[in-house]
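One chain, chain A, links the two complexes that follow: it is found with chain B in the first and with chain C in the second.
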Partner chain A sequence: MPTLTIDGKQVTVEPGTTVIQAAEKLGIFVPRYCYHPGLTIAGNCRICLVEVEKAPKLQIACNTPCADGMVVHTQSSKVNQGRASVLEFLLINHPLDCPVCDQSGECDLQNFYMQYGLYDARFQEQKQKKPKAVPLGPTVMLDAERCVLCSRCTRFTDEITRTGELGIFNRGDKAEVGLYPGKTLDNKYSGNVVDICPVGALTDRDFRFKARVWYLSSAPSICTGCSQGCNIDVHYVIDRPHLAEGARIMRLKPRYNPDVNKWWMCDEGRYGYKFVDENRIRQVSHRGQAVSWEDAYSSLAASLARFKSDGRLNEIGILPSAQQTNEELFLVRKLFKEGLGIKNCDIQVPSPAGTSDGFLIKPDKNPNTMGAALIGFPGASKPLKSTNGSSASGHIFDKALSGEIRALWVFGHDLVKLFGEEKVKALAASLELFVFQGSNDNGTARYAHWVLPSAVFAENDGTFVNVSGWVQRIKPCFAPLADSLPDAQVLLELARRIGISLSFKSAEEVFNALAAEMPAFGGLTYERIGLQGARVHQKEPAAR
Partner chain B sequence: MTRQPVFDFKKLEEQAKEILSRYEEKRAATLPLLWLAQEQIGHLTPEAEQWVADKVGKSIAQVREVVSFYTLYHTKPVGKYHVQVCVSLPCLLKGSDRVIAQMKERYGISPGQTSRDGQVTLSTVECLCACESAPCAQINRQYVGCLTDKNIFEMVIQQTSTGRGGNLNLPEPPLHIAADGPVLSLRFKNSQGTWFDSYAADGGYQAAKKVLTSMKPQEVIDLVLKSNLRGLGGAGFPTGRKWSFIPKDSPKPKFLVVNADEGEPGTFKDRYILERDPHALIEGMIIAAYAIGSHKSYVYIRGEYDRPIERFSKAVEEAYAKKWLGKNIQGSGFDLDVVVHRGAGAYICGEETALLSSLEGGKGFPKLKPPFPAIEGLFKCPTIVNNVETLSCVPPIIKNGPEWFAKLGSAKQGGTRLYSVSGHVNRPGLYEASAAVSLKELIEGQQFAQGVRAGKKLKAVIPGGISAKILKAEEINVAMDFDSLMAAGTMAGSAGVIVMDETTCIVEALRSASHFFADESCGQCSPCREGTGWILKIMNRVRENQGRKVDLDNLLSIAGNMEGKTICVFADAAAWPVQSYISKFREEFEYHIREGRCDLASHGLVGSNR
Partner chain C sequence: MQIKKRELTFWEKIYLPEIFRGVWITSVHFFRNLAIHTAHRFGLLKNVRAGVTFQYPENPRPLFPRLRTRHRLTVREEGTPRCVGCMLCETVCPAKCITIVAGEHPDPNVEKYPVRFDIDLGVCVYCGYCVEVCPEDAIRMDTEILDVAAYSRAEMKLDMHELMNPQLRKPVKECTLKFPHKCAIHGGELRGDWRFVYGKNPEQIREEGWKEIQELSGKEH
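Then we have the complex of A and B:
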């Protein structure tokens, strides 16, 4: 294993490691445009020049293999001069349109110019003209004049999606990135080219002009679009209601996780955040009338107590959801299954397989099917094939239809979509108690007697278990919208009122109890889960 | 209105299958399949691009990247007669701007335009490597030279009988060979010398026979090392040493790739070998392949070289027929297959790793080193890339012994070279002489270029192709071998000697060189892509008498910033003319900028179309 010295610090690396990787190991950042750890080495931008002692000229850190005894300088005056001249070349034909460029503030031309450039402009000629504001497809906008031809995007479509839509055409200073005439960039991962574009050449049509990036706050989270659980950063704005019609989430960006999603995420997940700010249930309601949480708590606690005292717990059905966190599902179990002794409590709903591919997109569109199964809701991983409306099937919904179940508590599921409006309408008329607890308005919310607004993932704290058994954490970015509350808080309050002892003050405390009780989670803590997740101890085979 | 021709791929399936079978990977068939498709209707339609994409397993955008990189592929129809006038320095010195002016006068078209009747398209191109007959042009695939007659194009077009894409049946340009031997040009003057029987009668293939029957590969390498043979493509690397880098224990196939992508402005030597002594090259290839343990060789010939490709391909067919290629050559047990691969118009493909990228079916992008081709070259296998002239030296070395060869040259460079002499000399042409001949002798010697044209004084010489630094008239007393010219601050390069007399405007010469480099930069590395374009823009301005005082210092600084910062040495080559022309002729540049005019004859004619 070679040992080398970079900026006076020694580091020992695996054979085959490049200087840029070794520097990273030491916490030394070498500027780059074309280099991206998820793509092949192109070596064309030349900004990562470093000085290697005994080498006659500056070397590119991205393609220089580490050798034993090598002495590297990443900040010498020769290096800085080299980078300044490379920057000058990159900027001669670059338009001076930073004030109207969406990349401003997160642009590596700006960043590295401030660090290595700072020269006076010498270019007095006509700049090269290239296409501007060209929609490449539903998600990406191209400005070819801003492009530095680093080829990250073409390597992405060549190597990662293998769809090959993007190309760099022509040569010399007439070279430009683009599509074959008449084609579009519409693969399932197209948004990633915006992330990897180091400049303002490829911008996100969804995010474009919504907000200046310096107004954005960021919080690490997990995509809830499917069971893959891609790691993301939620970029949001809470103090500028005039932006994007008051929406809080501006965009989602993939966050590196070597075991789950590497640097990428799919478009379905990336652009699937709109439900956070749109079509939300804003208040507690009872038969269409807005009521307070207090009214709901006391009435619902009383109803549950009555069913219990009447010995009719068999007539209660609870339908939790694989959209809920482990903590919420654990409390559902503690309150309804163990506390009250309700047997009809499982995720028994049809869950038709969605689109999938061999890469990140999984057919199960729930983020926590594996967690639900581990916590005792196996129905999540054995989705219902069909319901026939007869209680002989043993399914909660069938039992409700046949009148065997008289009280139904639904977390998030849209029964109207799953079973049809007629059945749900009939159910609403016949049930004694019909509670819908969820974040967004849907058909079921319109028929339920009680509607309890839930917080969404970006307002919630907790964990999910992804399809490969990785326990991953979500954190609240901002407060729940209007009257909505995290399900955990509601469940704890109900438990308190019914007299079931569940004294947790935070999601973390719930998780610690869960970890103590459930062998699969044994020994795990929020700290151990951290930002990169931790594996459950056994893998449930049935998860999709 | 004539109906738009429709691409009919069904007719091409058989040929496509054969083409695909030549290559280890199907993507490598991209260029030949594009040629095949383009030949059918003269340009590439979207259907044709898709057809090629499907055949080679690429997306249509990836095919378009390739199509748009090379100048010889067209996505729009071109005229029945495509007149491509060379505007590189050797032709410019001999009046290529007048040729363009004549075209405009006669057909009313400027470069990039097609005449209204759709008959004639005019383009400017970079060096066609026929500088001995400058000013020259290529009409469809045929080279025409010495374009001094005002009505040359009408003459040409009247003579034509075949349609687009084929040969125009024009007479060959007159010979410009004045030396005959002792190594490379012995057989050039024999008009029948191209073919096998003549080559065999002259003792051909005896060296290969000796090697295959009585020598071990290492003995061949040692012998070539001893001969001091150096790479004559331009880099001058010792050939035997290069061969010795091939790993002996690699289980992968090894490739011998012949670099016949001659493109350095001022150079036209390989064309003569391919046309006039192709079997010498084939014999050299057999010996080299045997030495490095290769059984498959690709010959990458620049796309413009229509007749060289035709003749060399025919020679390869002859060699197969006579069992000097293929399985079990002459019963020796040694196999060698040869594939002729046509380039498509890109100077950079003469850089050995760009050539490999192009051969693999991509844009001609030079590759990152390490790994070097000898370890990981074509299709990631050990590969040796040798120039045509280099390999053609090998049979005589075997035949006459390494000592004989070494003695012909200088202390560290054996043999002779083919010097391409162009520009303002009395007798431009191809001359074989010792590697150690002096530049002065080449220019002035009676057996060589016979001096600067009548009544004019020498001003400057570029000794090794456009990339080499310029020498002033008083600096020509220098030997032409690699080491002597390097010591003189320039390089031997491809031995393309461009001679400029006192009528030459050095500002215009640099603008022309800058145009070449801006046109031919592959566009991969930022300093080169942006720097070559920037230099050209400044030079255009200076030449149009809009220069500023700071321009010269800026040019020097830009050139300096490009040097040593890119994947290949193209950027360095683009920087050297800027640095040397300005430092050696600074007063002349300053005069242009200060006075806003030029007092020299060659200035002020039609030039840039950029």
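Then we have the complex of A and C:
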């Protein structure tokens, strides 16, 4: 294995490692435009120049394999001069649109210019004009003038999605990125080209002009779009309510996780964050009347206690959801299943399989099906095929329809969408107690007797287990909207009032109890899960 | 350093004599100025200086050209703001009194413009940073308007109508802006149309913008 010296530090690397990777291992950042660890090496931008002793010229770090005894300097004056010249070259035809460019603030042209460029412009001629503000597809906008022709985007569509929409056309200073004739950039991962474009040539149409990037705060989280659980950063703004009509989330960006999503995420997840700020349930309500949480707690606790004292616990049905965190599901189990002894408590709903592909997108659109199955809701991984409305099937919803179940507590599911409006309407008329606890308004919320607003993932703390058994953490980015509360908080308060002792003060404490009790989670803590997740001990074969 | 407080004398301690002394000093200046200013009117005592004052508002003080006064947004020929909504002024403003919402301009050579632009003069500290930071010379503080006082906080907030036309001051009755903007006069609803500005719909403007780029890029230089 070759051992080389970079900036005076020694490092031993696998044969075939390039200098840029070896430098990364030492924590030395070499600037780059065309190099991306997830793509093949192009070596065309030349900004990663380094000085290798005994080599006649500066070498590009991204395509120079490490050799034994190599001595590399990444910060010498020769290197800096080389990089400044490369930047001067790249900026010759650059429009300097920074004021109107969405990349401004996270642009590598700006960053590297401030670090290495800092020259006075010498270019006197007319700059090349190229297409501006051209939509390439539903998600991406191209500004060919800003492009540095690094070819990351074309390599992405060639190598990762293999859809080949993008190419570089013409030659010399007329070369520009564009679509092949008859194509549009509308593959399921198109948003990723915006992330990998090191400059503002490709910008996000959804994010376009909504905010400046320096207004954004960021919190690590997990995409709840499907059971893959891609790692994301939530970019949000809470102190400028005039932006984007008061929405808090401005965009989602994939976060690197070698085991789950690498550098990527799908468009469905990327643009599927709107529900966080739109169509939310803002108030606790009882039969259409706004009430306080206090009223809801005392009334619901009393109802549950009455069912219990009358010995009618098997007339209660609870429908948790695989959209809930492990912590919430654990509390559902502790409160309803074990605390009260309710048997009809499982995720028994049809879950229509969505689209999927062999890459990231999974057919199961719930982020925590695996977790739910592991915590004791086996129905999560065996969705109902159909319901016939007779209690013979033994399913909770059928039992409710046939009158066997008199109280129904639904977490998040839209029964109207799943079973049809007529049935839910009839159910609402016949049930004694019908509670909907969810974040967004839907048909079920219209019919339920009690509507309890829940926090969404960006307002919640907890963990999900993805389809391949990775326990991953979501962290709260901002406070729950209006009156909504995390389900865990509501369940704990209810438990206290019913007299079931569940004394947890945070999601972390719930998780520790969960890890102590469930062998699959044994030994895991939030600290061990960290930002990259940790695997559960057993793999549930039934998980889709 | 220690500051020694001077002991008050007996006459100062009994208070009333000091009051009369104060009234005496003020009155002497008042009557002296009154007499001398009156005399000046009749062309007398020209060599004796009286207290300096300007008869504001009839007789305003001359302003220095670099004085920072009420803001304005500079306007393009066709009546749209020069501002490209880069939000640099909003970012730099130490008082956080600028509110900008940006929108898509149909001309790809402009791209971005403000749909809403407010400055809250009740909060502004007149530092002029917004003028200095603007890359487009789109905001200036050269209107020479000093009297921005109003009877309510709401009136202290300038919206795009008043910023683009310094003659206007709340209450502004009629919306004169033709381009699409979040109209403060109409409760923030989106008003205006690009057709009123250019006589073409946005798609045409866009197409023509692209064509212009194409022609320029085809030219050999």
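The criterion applied here is as follows: the second predicted complex is superposed on the first by the 542 of 544 C-alpha atoms of A that agree within 3 Å, B and C clash if a C-alpha of one lies under 4 Å from a C-alpha of the other, contacts with A are read in each partner's own complex, and residues count from 1 in each chain.
As a convention for this text, a contact is a pair of C-beta atoms (placed from the backbone, for glycine too) under 8 Å apart; a residue touches a chain by one contact, two chains touch by 3 or more.
Small disclaimer: the values here were computed from a predicted structure and weren't measured.
When the shared chain is aligned, chain B comes close enough to touch A:F169, but chain C does not.
Of the two partner chains placed by the overlay, neither chain B nor chain C lies in contact with A:A302.
Residue by residue along chain A, chain B and chain C are tallied for touches, and B comes out ahead. In the overlay built on the shared chain, the residue A:H242 is in contact with chain C alone; chain B does not reach it. Of the two partner chains placed by superposition, chain B and chain C are both touched by A:E125. Shared-chain residue A:G43: touches chain B; no touch with chain C. Of the two partner chains, chain B is the only one touched by A:I92; chain C is not. Of the two partner chains, chain C is the only one that A:V134 touches; chain B does not reach it. Put simply, chain A uses residues 125-126, 128, 174 to touch chain B in one complex and chain C in the other. Considering their complex, residues 46, 49, 58-62, 64-65, 68-69, 346, 363, 368, 370, 518-527, 529-534, 537-538, 541, 548, 550, 554, 561-562, 564-567 of chain B touch chain A. Of all residues in chain C, those touching chain A in their complex are 84-88, 91, 99-104, 108-112, 116, 135-136, 206, 209-210, 213-214, 216-217, 221. Interface of chain A with chain C (complex): residues 97-100, 104, 125-126, 128-134, 174, 208-210, 212, 214-215, 242-243. Per the touch definition, chain A reaches chain B in the complex via residues 41, 43-47, 49, 56-58, 63, 65, 82, 85-86, 88-90, 92-93, 122-126, 128, 148-149, 158, 163-175, 179-183.
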